[in-house]
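Which chain is which? They are A, B, C, D, E and F, in the order written, and residues in each are numbered from 1.
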Amino acid sequence: MLDLHAATSPEVKSAIEKGAVAVLAVGAQEQHGAHLPLSTDTVMSQGVARRIAGAIDGLLLPPIAYGDAWNNEGFAGTLSLSPDTMRAIFLDLGRGLARSGFKALIIVNGHFGNREPIALAARMLKAEIGFPVMHLDYPGMERIAGEICDSEPAAPTFYHADEVETSMMLALAPDLVRMEKAAPEYPVFPAGFGTEPIGLDSFNRSGVFGDPRPATAEKGEILIAGIAEESVKMIRLFLAKLG
Amino acid sequence: MLDLHAATSPEVKSAIEKGAVAVLAVGAQEQHGAHLPLSTDTVMSQGVARRIAGAIDGLLLPPIAYGDAWNNEGFAGTLSLSPDTMRAIFLDLGRGLARSGFKALIIVNGHFGNREPIALAARMLKAEIGFPVMHLDYPGMERIAGEICDSEPAAPTFYHADEVETSMMLALAPDLVRMEKAAPEYPVFPAGFGTEPIGLDSFNRSGVFGDPRPATAEKGEILIAGIAEESVKMIRLFLAKLG
Amino acid sequence: MLDLHAATSPEVKSAIEKGAVAVLAVGAQEQHGAHLPLSTDTVMSQGVARRIAGAIDGLLLPPIAYGDAWNNEGFAGTLSLSPDTMRAIFLDLGRGLARSGFKALIIVNGHFGNREPIALAARMLKAEIGFPVMHLDYPGMERIAGEICDSEPAAPTFYHADEVETSMMLALAPDLVRMEKAAPEYPVFPAGFGTEPIGLDSFNRSGVFGDPRPATAEKGEILIAGIAEESVKMIRLFLAKLG
Amino acid sequence: MLDLHAATSPEVKSAIEKGAVAVLAVGAQEQHGAHLPLSTDTVMSQGVARRIAGAIDGLLLPPIAYGDAWNNEGFAGTLSLSPDTMRAIFLDLGRGLARSGFKALIIVNGHFGNREPIALAARMLKAEIGFPVMHLDYPGMERIAGEICDSEPAAPTFYHADEVETSMMLALAPDLVRMEKAAPEYPVFPAGFGTEPIGLDSFNRSGVFGDPRPATAEKGEILIAGIAEESVKMIRLFLAKLG
Amino acid sequence: MLDLHAATSPEVKSAIEKGAVAVLAVGAQEQHGAHLPLSTDTVMSQGVARRIAGAIDGLLLPPIAYGDAWNNEGFAGTLSLSPDTMRAIFLDLGRGLARSGFKALIIVNGHFGNREPIALAARMLKAEIGFPVMHLDYPGMERIAGEICDSEPAAPTFYHADEVETSMMLALAPDLVRMEKAAPEYPVFPAGFGTEPIGLDSFNRSGVFGDPRPATAEKGEILIAGIAEESVKMIRLFLAKLG
Amino acid sequence: MLDLHAATSPEVKSAIEKGAVAVLAVGAQEQHGAHLPLSTDTVMSQGVARRIAGAIDGLLLPPIAYGDAWNNEGFAGTLSLSPDTMRAIFLDLGRGLARSGFKALIIVNGHFGNREPIALAARMLKAEIGFPVMHLDYPGMERIAGEICDSEPAAPTFYHADEVETSMMLALAPDLVRMEKAAPEYPVFPAGFGTEPIGLDSFNRSGVFGDPRPATAEKGEILIAGIAEESVKMIRLFLAKLG
């Protein structure tokens, strides 16, 4: 496994010749309440991506630290890239990886709003230059969270600054977590949620969805390990198809 | 000073109300020979940006870790964003900062190829929404390098994997530097350099321009401190004009 | 209720003055097996939209008969518009409706692949010109299908050429349905489905997902009426907020 | 002849294998006075396209029901797509048809404002992927109208809600025509017409250009049959060249 | 009248303060047979534009020397800008003129292929910033040519390297005309001309349409004077409306 | 050498067959004080380009008379094209030249603001279609100016309406120069110049940078001849590489 933040060009050259696969985490600069940092989605996705890269001997790219977090822009500190800009980033990187001889790109996405531009870029890279891109959204997270969490999510599969994310952050970057500020909020979703553009700050006061208080580093480690394991299983199938 | 990687939304809210200025480092994922990591321009620009943010009590954004490094794409590990994608990133962030109430954006650029998209975005943000953007390219670097360096640059103001950059990296991230692999190269620039698209790998073997061997962390610290000081001076004038 | 296919300009003028709301169905030109026509998603969404427009005295626009059906392009007769083209259509129409004095636009979407460009256009129309757009994806369908269907869907909420869609088509356009060709298929979804661009024809032979044989016009009418009722409830809340 | 609104995927597959040609009508959502519906251009072009598809055993695509009708936007109910959006639609469909194995695309245009984006898309599809597109603007209409009409057009070749269009609508969709509201208007074209962007509502009160009152279904049928015949003649020459 | 090729900034400043109108000729770099230069459309439109600017005391901008001449690209020396590039040029110039305080822009177009991008830019400049643009295509040319020419055009209103254009060139730039090479050609237009993208070189051997031999400078002068006079009449009406 | 303003299509055809190289001057419509015309950069670049085309038997294209002169837009008469429009022009022309069989394109740039779009287009044309573009910015100008000028430039390599440009204009188009209005100005550059978008008119009163008074046609001729000679040397090396 090679971390491209630390690696040198000759090291990458040698890795590519051995059939290297690139791993890219995509996060966000988004509010996560008073107890988690704005970089939460980046730290988490990079943490999972690093685990994955380790398991498949991949090349870990520097993470994309900004995402499309438009519905949290009512909270200070949230900064978004537009879906078009996000897509352009993935297209540029995919073309560069293909030209460099990388075998494939695995995208580890840590933010819901990034899904569509990632999927669209994957589709276009396949159609235009046949470059294989797999994009993962924390496979297994729902199952594991259901097994180990003591609190309920604010909505099904909606994990934001709650026990799940706080646990993962405690495992990955405990110094960035202010547990003394962790407080629950179970906002009532407005009737039209998902059918019109609604800022989350219009019905969520604290930026938290759910209850972060039962979070522990141990739960976080179980989540990270489980998600990485599930991811690696899928990646091996994906790579096997490429021959 | 607030590092938005670690800060929370309520902290940013309070900083904006006090008239916060955002500081954004822009680097690159670019080959830097066998002794410096691919992230060199990002590490350096973020190091300088952090120093500046500290001096002006600014809000340090997560750095942009990719740049337009097209002429180094012949070396493995270099990955570029196109100028249009770069510009789009700065426009999106600038619009978001303006909407959030930030007073201004200071861009600390660490890679030559990023200059134009940054300047263009600054021009457009001023024309479209009147948002003030200052972009700095290591002011004072040439003067200080001339004063303290023991080796000559490969070309005037052309610092790449040489004594200047290696020194700054030794000061900022010594564990990412392999001094035992540092070796000089003074490539002969082809006649048409700058008048046609020429990949640097067509006349540069090692990825080094100049001689990194005399680099020391002390020189790096002098460079960083001097550039930050010069930058802060300029930023104060810039902010004073904004009233 | 005014059908803009049949209405004249003076009639629309008068409706706008009374506070008209536009209703737009968005379908697709997509394979639906051997027993349903390529226009299935358009016929269905227009059928539901007509019911809704009737209930809220809305102005029914001509439907968009093409959608983004990229993953069915391996089947003959499927024709897609790109997500960017789809978005452009909604932006153009939204701007035109706003300029004309329409109060709001209700989009009745009948095809999964259209969701993102519709949502994105809605977001942009709100941000740019404050024009309200609600987009509905057959609310209540899953619940009603669960109550009245005799067959299982091929995957949760995945209704394609199955009992649900065939029933709705039997209710709306029985002459376009060839029940004698209706045959079940429960394809096995490949492991990586949803994590990479996969054409449905790579694992689906007939174009059918599920079992269309138990379909009846009565079930279709229940579905249409139920979805329309659920939609109208949501629309009334949406419009109430607009004042 | 196959109507893709009603056809199924297997039927299209078989038609493509026999060398099918696609026929696409392009209309508009545009005011046509108090006696003709907003869909007039769509109904007419689809009527002619259906006749043509019948004659050449073509595949009739669902019509494009919106066009670029900017200069009628002053009249309620007119809704335009921009020329760029129109062009994108034709490019997407053309690429899809080419990929699907269609031999060629015949576009039957029913609205003046669509001419340029259609012609431009045809040019680009030929240059980029060599896909043959023919675009017809009611060939023979002027000659036939001159022969059978009892009223004069408001300007040469300018047929809008007049005897020509009303006759064709009476032949194609008599239930959409309100003959009792048909009234003539011969507006005076402003001096600068055609040299600057001028809304038609600035000099045309009723939306009618000419005199619709002498319209009959019989004249309409003669027009449709004549235009289709002339079109088919041209299409046969066009297809013959393709070999 | 001020020629902006020769004028200085202070002179323009003073003219703008007096309510200056800009006049812009748009030509092409297009084959015109063996006896006329590639710049024919530019020379002609600039000649007419200069006459017009003189009559209305306008500010004559440097001409656009390239146009969209795609259907002549089969002949060497023809160089086109795409319609999108053409439109962008007019939008940029229009915005600049508006910002500078110009009252209006008069475009004197000398090439058929430029019509649509010019008209589209005029429409957009009016809609977006309310800047008035008039675009003229040699008004009166057909009438005058009919009166004074001894040869027939190859097709109605189709003047290319024929008696009309050659006469105007003899009047404007006699040194650029090789009358000894002037030879007639009356090509047979293919059946599908105008209904599909057809290069003119596929049925035109010499690049000439019609008979240039009867051309004289006197006829050219009559054409230029007549077109300019007709244009000025229309411009005065246009400007009068602006108040 | 062939001037495409005057040349005919058959002449270009023959030149292309002999391996012709295109030469394109790119200027600007930009204020140059009270003594030089707005077309100064166009006249100068075309003058140098003509000399170059003469020396290498090239094909001289009509010059691009508009450039990106945004920072002089505060002065009347300056009219800019955006960097994207400029790039589009070069891409269109480059593609057309490549398709026509030209061997290469030499761009003679006369305006600083055009550098980036030219370089970017050159890079894209190489990457996309392998078409070779060389772009020259008056090589040798600084050296020669240092040798023969009697006045100092307002800033290093900053020549604008000064002795250098005025001399070249006296040599190329003396009738466009008003020496009686030539007056010096040595503006003080603001501290932040180059780090934020600053209009030149904010610190430059007359539009002149330096002292135009010692200008002579003789100096201009030396400059033009020297720049052309240096350019030709570089072009020969460039062409030699193409084989």
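The rule is simple: a contact is a pair of C-beta atoms (placed from the backbone, for glycine too) under 8 Å apart; a residue touches a chain by one contact, two chains touch by 3 or more.
Labels paired with UniProt names: A, B, C, D, E, F = Creatinine amidohydrolase.
Predicted model only: the values in this text are computed from it and were never measured.
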| item | value |
| --- | --- |
| Contact-graph distance - origin subunit B (Creatinine amidohydrolase), target subunit F (Creatinine amidohydrolase) | 1 |
| Third chains touching both subunit F (Creatinine amidohydrolase) and subunit A (Creatinine amidohydrolase) | B |
| Between E-F and D-E, the pair joined by more C-beta contacts | E-F |
| Remotest chain, subunit D (Creatinine amidohydrolase) as reference, centres from CA atoms | B |
| Centroid spacing, where centroids are CA-atom means, of subunit A (Creatinine amidohydrolase) and subunit E (Creatinine amidohydrolase) in whole angstrom | 57 |
| CA centroid of subunit B (Creatinine amidohydrolase) to CA centroid of subunit C (Creatinine amidohydrolase), Å | 49 |
| Residues within subunit A (Creatinine amidohydrolase) bordering two or more other chains | none |
| Ordered ring members, subunit B (Creatinine amidohydrolase) first, subunit F (Creatinine amidohydrolase) second | B, F, E, D, C, A |
| Contact footprint of subunit F (Creatinine amidohydrolase) on subunit E (Creatinine amidohydrolase) as seen in their complex | 4-13, 16, 29, 31-39, 42, 61-63, 65-66, 73, 75-82, 84-85, 88-89, 92-93, 96-97, 99-100, 176, 178, 181, 207 |
| Residues of subunit C (Creatinine amidohydrolase) that touch subunit A (Creatinine amidohydrolase) when the two form their complex | 70, 83, 116, 119-120, 122-123, 126-127, 132-136, 139, 191-192, 195-197, 234, 237-238, 241 |
